[in-house]
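Got a structure here, written out as structure tokens. Questions coming.
The chains carry the letters A, B, C and D, assigned in the order they are written, with residues numbered from 1 in each.
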Amino acid sequence: MKHPPAYYADYLHLEQILNAQTPRSADFGQPAHDELLFITVHQVFEIWFKQILHELDSVRELFLGNYVDEKNIGVAVSRLERISTIQEVMIEQFRILETMTPLDFLEFRDFLSPASGFQSVQFRLIENKLGLRRDLRQNFNQIPYEKRLSDAHQSLALKSEQEPSLFELTQKWLERTPFLNFGNFDFWENYKKAVDTMLAQDRQIIEQNPTLTDEEKTRELAQLSRTIENFQALFSEEKHNELVRSGARRLSYTAFKAALLIMLYRDQPILHLPFRFLTALIDIDELFSTWRYRHSIMVQRMIGTKIGTGGSSGHAYLKNTVDAHRIFLDLFNLSTFLIPRSALPPLPEEVQRELGFFFGSHH
Amino acid sequence: MKHPPAYYADYLHLEQILNAQTPRSADFGQPAHDELLFITVHQVFEIWFKQILHELDSVRELFLGNYVDEKNIGVAVSRLERISTIQEVMIEQFRILETMTPLDFLEFRDFLSPASGFQSVQFRLIENKLGLRRDLRQNFNQIPYEKRLSDAHQSLALKSEQEPSLFELTQKWLERTPFLNFGNFDFWENYKKAVDTMLAQDRQIIEQNPTLTDEEKTRELAQLSRTIENFQALFSEEKHNELVRSGARRLSYTAFKAALLIMLYRDQPILHLPFRFLTALIDIDELFSTWRYRHSIMVQRMIGTKIGTGGSSGHAYLKNTVDAHRIFLDLFNLSTFLIPRSALPPLPEEVQRELGFFFGSHH
Amino acid sequence: MKHPPAYYADYLHLEQILNAQTPRSADFGQPAHDELLFITVHQVFEIWFKQILHELDSVRELFLGNYVDEKNIGVAVSRLERISTIQEVMIEQFRILETMTPLDFLEFRDFLSPASGFQSVQFRLIENKLGLRRDLRQNFNQIPYEKRLSDAHQSLALKSEQEPSLFELTQKWLERTPFLNFGNFDFWENYKKAVDTMLAQDRQIIEQNPTLTDEEKTRELAQLSRTIENFQALFSEEKHNELVRSGARRLSYTAFKAALLIMLYRDQPILHLPFRFLTALIDIDELFSTWRYRHSIMVQRMIGTKIGTGGSSGHAYLKNTVDAHRIFLDLFNLSTFLIPRSALPPLPEEVQRELGFFFGSHH
Amino acid sequence: MKHPPAYYADYLHLEQILNAQTPRSADFGQPAHDELLFITVHQVFEIWFKQILHELDSVRELFLGNYVDEKNIGVAVSRLERISTIQEVMIEQFRILETMTPLDFLEFRDFLSPASGFQSVQFRLIENKLGLRRDLRQNFNQIPYEKRLSDAHQSLALKSEQEPSLFELTQKWLERTPFLNFGNFDFWENYKKAVDTMLAQDRQIIEQNPTLTDEEKTRELAQLSRTIENFQALFSEEKHNELVRSGARRLSYTAFKAALLIMLYRDQPILHLPFRFLTALIDIDELFSTWRYRHSIMVQRMIGTKIGTGGSSGHAYLKNTVDAHRIFLDLFNLSTFLIPRSALPPLPEEVQRELGFFFGSHH
């Protein structure tokens, strides 16, 4: 044998893992049956967080540098999809925790004070590495998040703020996309024409909708005006940058356009994996948002309006983060600017050839 | 054979069911592959809605009248738990719909106008029968919900508002609970003492927490004051009724107290199924809330900030209903008032006997 | 504060937990990205196994002794249902492991030899504590299961074989059920009459089924004869014991009858929680069976027909255990002997009173 | 508006859909509450079956003809992944059906006779279109499956046997893969060398494993011999064809080799989507297998060993189909022949260029 033999329990460090559950209720002489569940569920979350960080770091590494090898997009997609699968299981895991009733939680809740999930450095690292910006964070009780961490964890967290996040790396990769300029093919001009036609139709749908009252029409036309403004921002770098300053957009103008182009022409073989990459980011964002929502409602169920184990009303804070801590909202908003394939300017044949695969015989 | 033979396809009316998918994109000469999925997913939702209504109606019927047969609590719990299981599958079902990309949706989206999920009468019936009060409804574009329904469906919906809802029937059942008065045992006085002790401890935890700044302490003590106010409302019918008027509570004072007692003494055999009944209501509330959240984020993903198929921005409306349309929030808030079993006033032995089962030999 | 403060990372022993992943591929200089996932998934399984053992042991403890306090049935049901919820999440977890492709597994598979899941002592303990009998075990490569464990684990496993299993404790509890004899009410005689009527109808259904050929009828009548034989065993302790000796049944005659009675009269309040208890055992059995099935197919997918990391073809072995290692098959088979409520002998009123709850006013 | 307005209830044919549940227990004067659930669950399954057939037919169409446009692989993968997502939800759906207890089923079971799921033509079409061969089918009670269907459905089923199945189309597509011959690069010779090295190591692992007894070694070496035989079949078309004749393989020699090559070199951009295509087939096979397993165990739970609604013991039949009706087992078995990336013969640079994407600047 090339390697010394491995044994299951040693390989998995089971002694270390399975001796790490020490209920405080027992330590203080009032053993509560359900405290083990509480510990177990949180430890499993942390193990999954470590795995998510492992995948996240590996994808970030693939996107560092000035060039992303085409081979790596497939690898990155697989790893991001793995994160989504883990997230789906983590969301289901709340069902396990909710088999503990509030009354059973109460049996040991006081012993935990002031420990709190806010002290999870790994979750903060995930947020930072995905791209949650410091200035967009909800702070719990107005205390900067890192102040709740130990010194060593504070350093880790602050360091992760300095490293390029998945958001930033994705943005750079999008900005480098070579597809925005194809020789003589003027994508934007053709796209703009198609959009103008479509918006005119939308206006017509509202104006001629027999079920709407005048008041409703006024309201919906006002809404359409906002949509038109959105599109104008798409065709004007200056207006886009205003939206960025106001917080309504985050991606740079070039990156936003590149992402839109990928979404529109994703049927081209060369754009298919980039399309899956962006979709995987959307999935992750949606699933963290759902996870936070489930978390907040579980906390409400468990402790009502009483102060949390960390000495505070966690439910309201957690609910605020559901929307505020989303990272890739711009990718959701791309849907606003899609136009039907039938309205899409067709790619000239030489461009299509560029976007396909060539077999030996072509050359 | 006692009955004429049944055949699978006839029994399930499969011809009727499987011929009911008629994509409009095909009707208008531009067949879009994914429209069938869109139809299918919505039809399946509606079939589940019918099943949920079937269970809901049957449980409401069990709770009509002046007395709920003890036998029926078990039946009711099973049927409510069935609703939860259906809801869990319905939430997963969004994953199926999300395999359709926004670009694919766009291929047929215009053909659907102005159809919209807001026109689902069954969902409105579920909301009404659970107990969503007309004055608490979020109205989409300020139009009363029933105005979006056909005349026949309007009548159904308005009629369901007049019928006793599950919320109301639960309230009446709770108000009738015989457990609030047990001869000489003064539950409330003992409970109040236990609460006072606990709140004093909570204050101590905050005041002596070395990790809190003065500012934090002030904030948390203010929060504790609100908790104390909550408890005061629990001990004063007048204050409880003020909370009801302000919208912070909905259950009557007596019902609220009865629900709390069930939660606290659920280990008593006779209270175990009532406890499961209340827990099932909490689950249903949580799962509809989660369903709405998933729905809202799916809509955002699918259409960005553009107007919905019904001519309007559905995402924002749907997100508003996530919290506003919750029915059994009072049951979540009960957790605020739980005290540990160890602090619970013990039931006198003769009361415990009343709450247990007796076998022949006892008599 | 009554207790010294707790901090999240200390309380959960995160340093210990999160430093327990040491990929061997890295140790041997060929780091494979996916090995962390492999370790993580197995560690999480083991943490859940510990939690399952915690619940299992607590339920077994509740059922030790000569009397099971009625209060404890509700507690036992909740804990068994928690096990089911954990199992459901554990089954989903295979989806995470399957995001690792066979080719990625190959990058580190050789380093693991001869470690194998067969060396998981916790899984063996779960099997033994549920009630898997030594003589019914499938042995992998004809080696007794405990020979694959370390000495310390061997002792644990063998000791658990000696302790009363959940199967045995359930059997004893069923045997003590007081409901089999109700004064003058002869349940079995009435039940037997109802069964005879039903079987006669079943015979008629086959004989008069116009879609069956003579050959089919012969076959189905032969099958009915086997059903009748089953029923005969129900009415004869001697025949039941023959079935036990042959392995077709495992529960004692009295326990089997008691379980059947609980299933038939579960609408009686006092039998409702016992009914839920038996249902929870069925769920656990079904879910372990499904878990084993998913495990076996995952192994097949990962390594094809090649020998496993433990030096052997695990897939075939695992598939054999799917059926062979089921514990509560008798409870599934009870369905064979159910008769419709309408055919059930009605309980005399004084018996019903015994099975209900009484409030103060009755006395 | 370009199109007449659509209304939700009309568009979804809700009147048709929601009036198609007619419980027979009510028709025969003995309404059973749970029959609606039984109908609902089966109708939803059939609606999903229709959706699966829609996706399956569309993928088969993309693979008809002599050439599969590279663009279509991405489309096919998305549609097959959609089928998997539907299957996952369908498997969860059994949890809903299992909220019906066997006793509740009995309330209406007799009214259903002899209707049975064996009469589902859509499920037979799915099996045929995936590629279940007539001679490999398990027949229930030795009656050919189509004999249980109505005349119209029989024709549909038999016709589908004649059409090219997904299995056959995949095989043809694999056989056409241009990657098996790359100018001077002799893939097979290099691959064979790598395999020989690996098998020699496997032998060493067994021979030097200190934990194995002589008897075990003999057994495992015998097993290794079978593995070696497998590999020999991979290097000999004649032996492969023998395996096909014996039923151990189904794919043609060329297709099998092409599938292996795709699995081994899937990191090459051009092979990434083909790899995902094969993976999607594996997922579908695994999920139908799991669905069948869950189905069989649900039937056992519901009716024990009694004859099914179709007049027969469905449980045993269903369990037989779990393995026998698998279609893409060859793709699972490919894992047997994978070798680590590090042992893979590296592709010459000009071959790699062929397998990558080229941007304009390269030319």
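As a working rule, a residue touches a chain if its C-beta (ideal position, glycine included) is under 8 Å from a C-beta of that chain, and two chains touch if they have at least 3 such contacts.
Keep in mind the model is a prediction, meaning the values are calculated, not measured.
Touch-path distance (fewest steps) from chain B to chain D is 1. Of all chains, the one whose mean C-alpha position sits at the greatest distance from that of chain A is C. Between the CA-based centres of chain A and chain D the separation comes to 32 Å, rounded to the whole angstrom.
Distance from the chain A centre to the chain C centre is 39 Å, each centre being the mean of its Cα atoms. Inter-chain spacing, taken between the CA centroids of chain C and chain D, is 28 Å. Chain D has residues 1-2, 5, 110, 113-114, 201, 205, 209, 211, 266 in contact with two or more other chains. Arrangement of the chains shown, judged by which pairs touch: all-to-all, with no pair of chains left without contact. Per the touch definition, chain A reaches chain D in the complex via residues 1-2, 5, 70-71, 73-75, 178, 182-183, 201, 204-205, 208-211, 266-270, 272-273, 354, 356-360. Looking at the complex, you find that chain A touches chain C at residues 1-3, 5-14, 16-22, 24, 28, 33, 36-37, 39-40, 42-44, 46-48, 50-51, 54, 58, 78, 81-82, 85-86, 88-89, 92-93, 95-96, 99, 110-122, 150, 153. On the side of chain A, the complex with chain B involves touching residues 30, 101-103, 106-107, 110, 113-114, 141, 143, 201-202, 205-206, 209, 211-212, 216, 219-220, 223-224, 226-227, 230, 263-264, 266, 279, 282, 286, 289-290, 293-294, 297, 300-307, 311-313, 332-342.
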